[in-house]
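Common to both upcoming complexes is subunit A, partnered first by subunit B, then by subunit C.
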Partner chain A sequence: MNRVIKFFSFCLFVYLFTNEEGQAARIGELVDTDPWEQIKRFFSFSDRGLQLSLIGAVLFGAVCGLIGSFIVVRKMALFGDAVSHAVLPGVAIGFMWGMEKDPLAILIGATIAGLFGSVLVQAIVRSSRIKQDAALGIVLASFFAFGLCLIRIIQNHEGASRISGLKSYLFGDVAVIDRSDLIIMAIVVVVTVLLFCILYRPFLIISFDRQFAYSLGIPVRFLDAVFQMFLAAAIVISLQAVGVVLVSAMLIIPAATAYLLVDRMSRMIFMAMTLGIMSAALGVFFSFLGSNLPTGPFMVISSSLLFLLAYLFSPNNGRLTKWFKFISLKAKVRDENLLKLLYNYLETHSEAREGIEILISDIANLKKHNQKNMVSDLKRLQKNGAVELVDGKVSLTKEGLSLASTVVRNHRLWELYLTNEADYAADHVHDDAEKVEHLLSEEKVKELELFLDYPELDPHGKPIPGRVNS
Partner chain B sequence: MSTESQKCPALEIHDLIVSYQKKPVLYGVDLAVPEGSMVGVVGPNGAGKSTLIKTVMGLVSHAHGWVKVFGGELRDSIKRVGYVPQRESVDWDFPVSVMDVVLMGCYGRSGLIKRPGKMEKEKAMQALVKVGLEAYSKRQISNLSGGQQQRVFLARALAQESDLYLMDEPFAGVDAATEVAIVDLLGQIRDQGKTLIVVHHDLATAREYFDMILLLNMRVVGFGKTNEVFNSELLQKTYGGRLTVLSEIAGEVAKQER
Partner chain C sequence: MSFYKIFISPWENHLSAYWPIFAMAFFVTAACGLVGNYLVLRRISLVGDAISHSVLPGIVIAFIVADSRSSLPMFIGALVAGVLTTLLIEMIHSRSKIKQDAAIGITFTTMFAIGVILVSLYGADTDLDLDCVLFGKLDFIASKEKVFLGLPQIVITMGSVLLIIALLIVLFYKELLVSSFDPNFAATVGIKPRFVHYCLMCFLSIVVVSAFSAVGAILVIAMLILPAATAYLLTDKLWLMMLLSIVHSLISAFFGVHITVAFQVSTAPATVVAGMILFLIAWIFSPNHGLLRYFTNSFDLSTFQKEN
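Coming up: the complex of A and B.
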């Protein structure tokens, strides 16, 4: 719900923002922009402003990935969101300090505001019946509102021209990043990376098992405060490029993507940093192509696209990967079942050997299948070299026989295992074996054979075929 | 007096009162656990068994009384105390391997900053061998069954090489064969002169597993050698209904004091 409201308010913001003053300038710029020229300009890296933007993107993308990894595994995503909103009044106050954009004053002001916000959340939770999610909602919204008011006051007081730098804190514009910003960013990134290298183990233990961390004598509360401080700092240095509203996405999305892809914390951090840098750089690229479109949204869109790719194609858990596996298993099961049918037919009518011909109509009848379908299924098997089709008759090839007898062996071995070892009744085992026969690996089959002492007959008295080498 | 009884107890608790939101969970608990014993903490649900362990570990603050570990503050001998939390208290999807978790147990000795070295890895591996999980060392923890998860926690505790272990339901969700293996392992630890305090849910097995029993229901109903304490009268007292009057009055007292 929270997110939905935020999304619409963001759309409203963008609408107002673009209507107010942006339109005229942009259309003019767009006319003489050839995308191809822009791409060439981008990759020549000769544009001074672009260089600064890209360095900035690399810096904050990395630090967001690092901090974000811990945010994701500690299930603190909402907390990160709250802190990112809570920094806004600090930005405004930092600005008021010298009535100009002084990056250091803004960093200090915003970090303090962010920390104050997180302390307030904890205080509310500890001293009242309000639970954490509601407390986060309260603090997030009120700090944000307070920040908006302050910015408006500055705007009224100083006139719109002087606060152009301040506007980027709301929506994110990488182009306003200048040399002094970059220096601050670089310092924050270096200190953060160093700190997490040194304190990696205690942070890991606290994140995994807080109570155990206490029991080891780790100063958990102190390290929590350190973590929150660096979280606030990471948010602040990303603010100008991404904007208050969207900055938490840069913490969460690259780290969540990495979480889908790898299963070790160290690798996850490394990958999240890489993805953070990639998303930020892609955002710069797209916004450069479209002549200074707002960078923040493009960075977030880039990172969500990367997330989508990981969600669909992750080698272990990707949705599409799983679907492909499922489909190919289904095809395998269909083919193996047909081969098994041929094998069983041969076994009952003559003998299971290669080259013996069967009338296709016979097996079609057996399966109550339409002859046409049966032929097309068999043709697929023929393509794989498992059967041969000659005028209405089908015969197993050597490979086909080998495959078929493997499946039949798996089936009968499993039936025997279930009846002998798991005390299944002999008339119950068939259905289970129908499923298991396609899934047993070579090793498992060997294990079963050894365990059952190389049996010759299944529980129904049918012979268990030996290994046929193709 | 023999030298044995002069030695200070591994764990001593005096007049301990712990409340959650002004409702007392433990009330006037006195306890002295001698070194080298294996104590089963038994009592009905909500008797304060986990709370007792957490209070000793300093995870829950107490309103009154004191806890001494090896004759002093927990802080001073924290490296000698190992804690095995309930299995459900952590997220088993966390991106770490079995080995990583066990190495967390070596942390106390290796210091705050140092990365685990070769010696620690060997120690962790030995602990895994003891619980029979050496083949799983490189697996991510989400691929483990409940019993295996519990054994990982145990291996982590072993890697700590503590002198006093506090274990919160190490048998919860564990199959019978694993339970026997764990009990066997705990016995070995005890035989090395170490002290174990184990929260246990199952009355039927408590009698054979532990040499001392603590019957707990908000206060100590009985504590001593298993065959002395494990009688129907004390069990009846432990399990026969909650002490509603005591609970209410103590709650009133707590409210007055604030």
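Coming up: the complex of A and C.
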């Protein structure tokens, strides 16, 4: 992680202190252009306003991912939402300080308001019978309402034109980010990342096992306060781009996506930072295509799309991945059962060898199956090279025989194991073996063989086929 | 800013302007507050937050499709969006390792983002804009045509919603009471807790939607929780709590109007600020559950530092 941080900060400082202030169009200013042209402009990165927005997106996306990972694992998602609404009066007061958009005053005011909000939630919960959910709702909505009132008062005093910068704090407008904002953002990001690098272990322990953290002598309450401060700061630097109303989404969604994809906390943080950056940049891209649209919602929708992809296709837990696994297992079981049927037929009628032909109608009758379905099933096996079909007759290939005897071997070995070692009656073992035969790995089979001392007959007196070398 | 100008003048000289605003603020806060009592008691206040945010796309789509401000399409749109949100939350948290709080956070922010984009894209065609989502249009209702008692149609509608909600609560008081405090007992006496829960969610969507045009999508959460939470600090009886929450709505609507007059702000946030001040007073001075009581009770202040 350190290398990545160094790289980012290096790029940033090189950029901030080498480039002269350019006078290019802001994102929202160019309207009615061909979308294709806009895409080309976007990817040429020559637009000064766009460069600023993208750097901003990278900065706050990263810090949101970092803080958000802890928010998600500590189940504080709705707490983050409350704090993000609670910063609004702080923004307004910070604005009142000099009656202009002074990023530092706004940062300080909003951070204090956010902290005050979280302290108030905890005070209400500790000292009264109001539960956490109601306390969060109260703080969220009344701070927000207070902020709206303050903004209106500023508007009454200063006229609507002066607060255009303030409006962007509600729904987000990445185009208003300028150099002084970026410097503040960069400082917050660097401090946050450094702090979490140094205090990674204590934060990790607090997040997963508070009692253990106490017993280790970690100053849990102090670190909680530190965490809340940095949560507020992360929210504040994202405000301009995402807006008060939706900033909690940038905390929760990338981190939740990362939570779906990986298991280790360090990897999750890294992933969440990457996803945060990706969704912020995608949001910039989408709002660059349109005109006069708030940026925040597009960032949120981009991150939700990434979440949806992870939800469906995550390699371990994705819904569709699981479904595909289920479908392929089902197909495997069906094929193996059919092969087993052929093997058993051959065994009872002649001997189990490759190339002996069987009438398909015989098999279909045996299974009380429609002949047509049987043929289509067999054709699928033929495609896999397990059987050969010649005018109404079917025969096992060498490969098919080896597969079939493996399944039968698994079945009979398991039956023997259950009767010998688990004291099952011989007539009760078939159903269980019917399921397990498809799942036994080669190592397990070897273990079973060794354990049962290389048996030759199963509990029903049928021979256990040997390993066929194919 | 004299006392006369703030407190007397609105009622003396501008009654026709402030009476509908006050009535609407009271009706909205009282209707939301009544339903909010059950949200607070069942500890599902944030479901109210999630529902109020996520009905936005439904309302906007209904606006665009029906091309009018009539209530029925709006209500249907909001109900569909609300049900969809509930299903999505359920789907995310029961079918993956994401916890419920994160699932709620993901779903309602996404729905709200979709709503905001729809408003920005199509808002110009309807009379819906982002200010409406934030502040509501409480201040503009006085300019509408008055139909009854000096109140415009929309206020009458809200008043009837309040009456219907109050009537339903009186009728099903016992069922709601039992299933809120002891769902298992409710099940044994034949009241299905799940069914009651869904009815409550339905009430919730009705008040959220009818409040939307007055107070927007975000401040509704304050209207839902503040009256009930304030009342909860003051009493142990459910019926008294509901009465107190209506009193709270009345006072906060009254002072909301006067804050509006004094500072020239929107009425909806002003009502919330007034309600918050009432809550703070109740929290500090409540005889049994307040902050002062807490401090006088705990001889050893270290309990304040104890982890809960």
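Definition applied: the second predicted complex is superposed on the first by the 437 of 470 C-alpha atoms of A that agree within 3 Å, B and C clash if a C-alpha of one lies under 4 Å from a C-alpha of the other, contacts with A are read in each partner's own complex, and residues count from 1 in each chain.
What we mean here is this: a contact is a pair of C-beta atoms (placed from the backbone, for glycine too) under 8 Å apart; a residue touches a chain by one contact, two chains touch by 3 or more.
Here the structure is a predicted model, which means the values were calculated and not measured.
K.L.:
Pick one for A:136: touches subunit B only (first), subunit C only (second), both, or neither.
P.N.:
A:136 sits against subunit C, while subunit B stays out of touch.
K.L.:
Going by the contact rule set out at the top, does A:382 touch subunit B (first), subunit C (second), both, or neither?
P.N.:
Neither partner.
K.L.:
May I ask you to name which of subunit B and subunit C touches more residues of subunit A?
P.N.:
C
K.L.:
Which partner does A:152 contact after superposing on A: first (subunit B), second (subunit C), both, neither?
P.N.:
Only subunit C; A:152 stays clear of subunit B.
K.L.:
What is the contact status of A:344 with respect to subunit B (first) and subunit C (second): first, second, both, or neither?
P.N.:
neither
K.L.:
Which partner does A:201 reach: the first (subunit B), the second (subunit C), both, or neither?
P.N.:
So A:201 only meets subunit B here.
K.L.:
Classify the contacts of A:252 with the two partner chains as first (subunit B alone), second (subunit C alone), both, or neither.
P.N.:
Touch status of A:252: second partner only.
K.L.:
Looking at subunit A, which of its residues have contacts with both subunit B and subunit C?
P.N.:
75, 259
K.L.:
How about subunit B: which of its residues touch subunit A in the complex?
P.N.:
Its residues touching subunit A are 54, 57-59, 75, 78-79, 81-83, 85, 89-91, 94-97, 100-101, 104, 107-108, 112-113, 115-116, 140, 142, 156.
K.L.:
Which subunit C residues qualify as touching subunit A in the complex?
P.N.:
Interface residues on subunit C, with respect to subunit A: 39-40, 43-46, 48-49, 92, 95-99, 101-102, 104-106, 109-110, 112-114, 116-117, 120-121, 130, 134-135, 218-219, 221-222, 224-226, 228-229, 232-233, 259, 263-266, 268-270, 272-273, 275-276, 279, 283, 286, 289-291, 294, 304-305, 307-308.
K.L.:
Quick check: in the complex, which residue numbers of subunit A touch subunit B?
P.N.:
Residues of subunit A touching subunit B: 73, 75, 198-199, 201-202, 204-205, 207-209, 211-212, 214-218, 259, 262-265, 267-268.
K.L.:
Can you name the residues of subunit A that touch subunit C in the complex?
P.N.:
72, 75-78, 80-81, 85, 123-131, 133-138, 140-142, 144-146, 148-149, 152-153, 156, 170-171, 210, 220-221, 245-246, 248-249, 252-253, 255-256, 259-260, 292-294, 296-298, 300-301, 304, 307, 311, 317, 319
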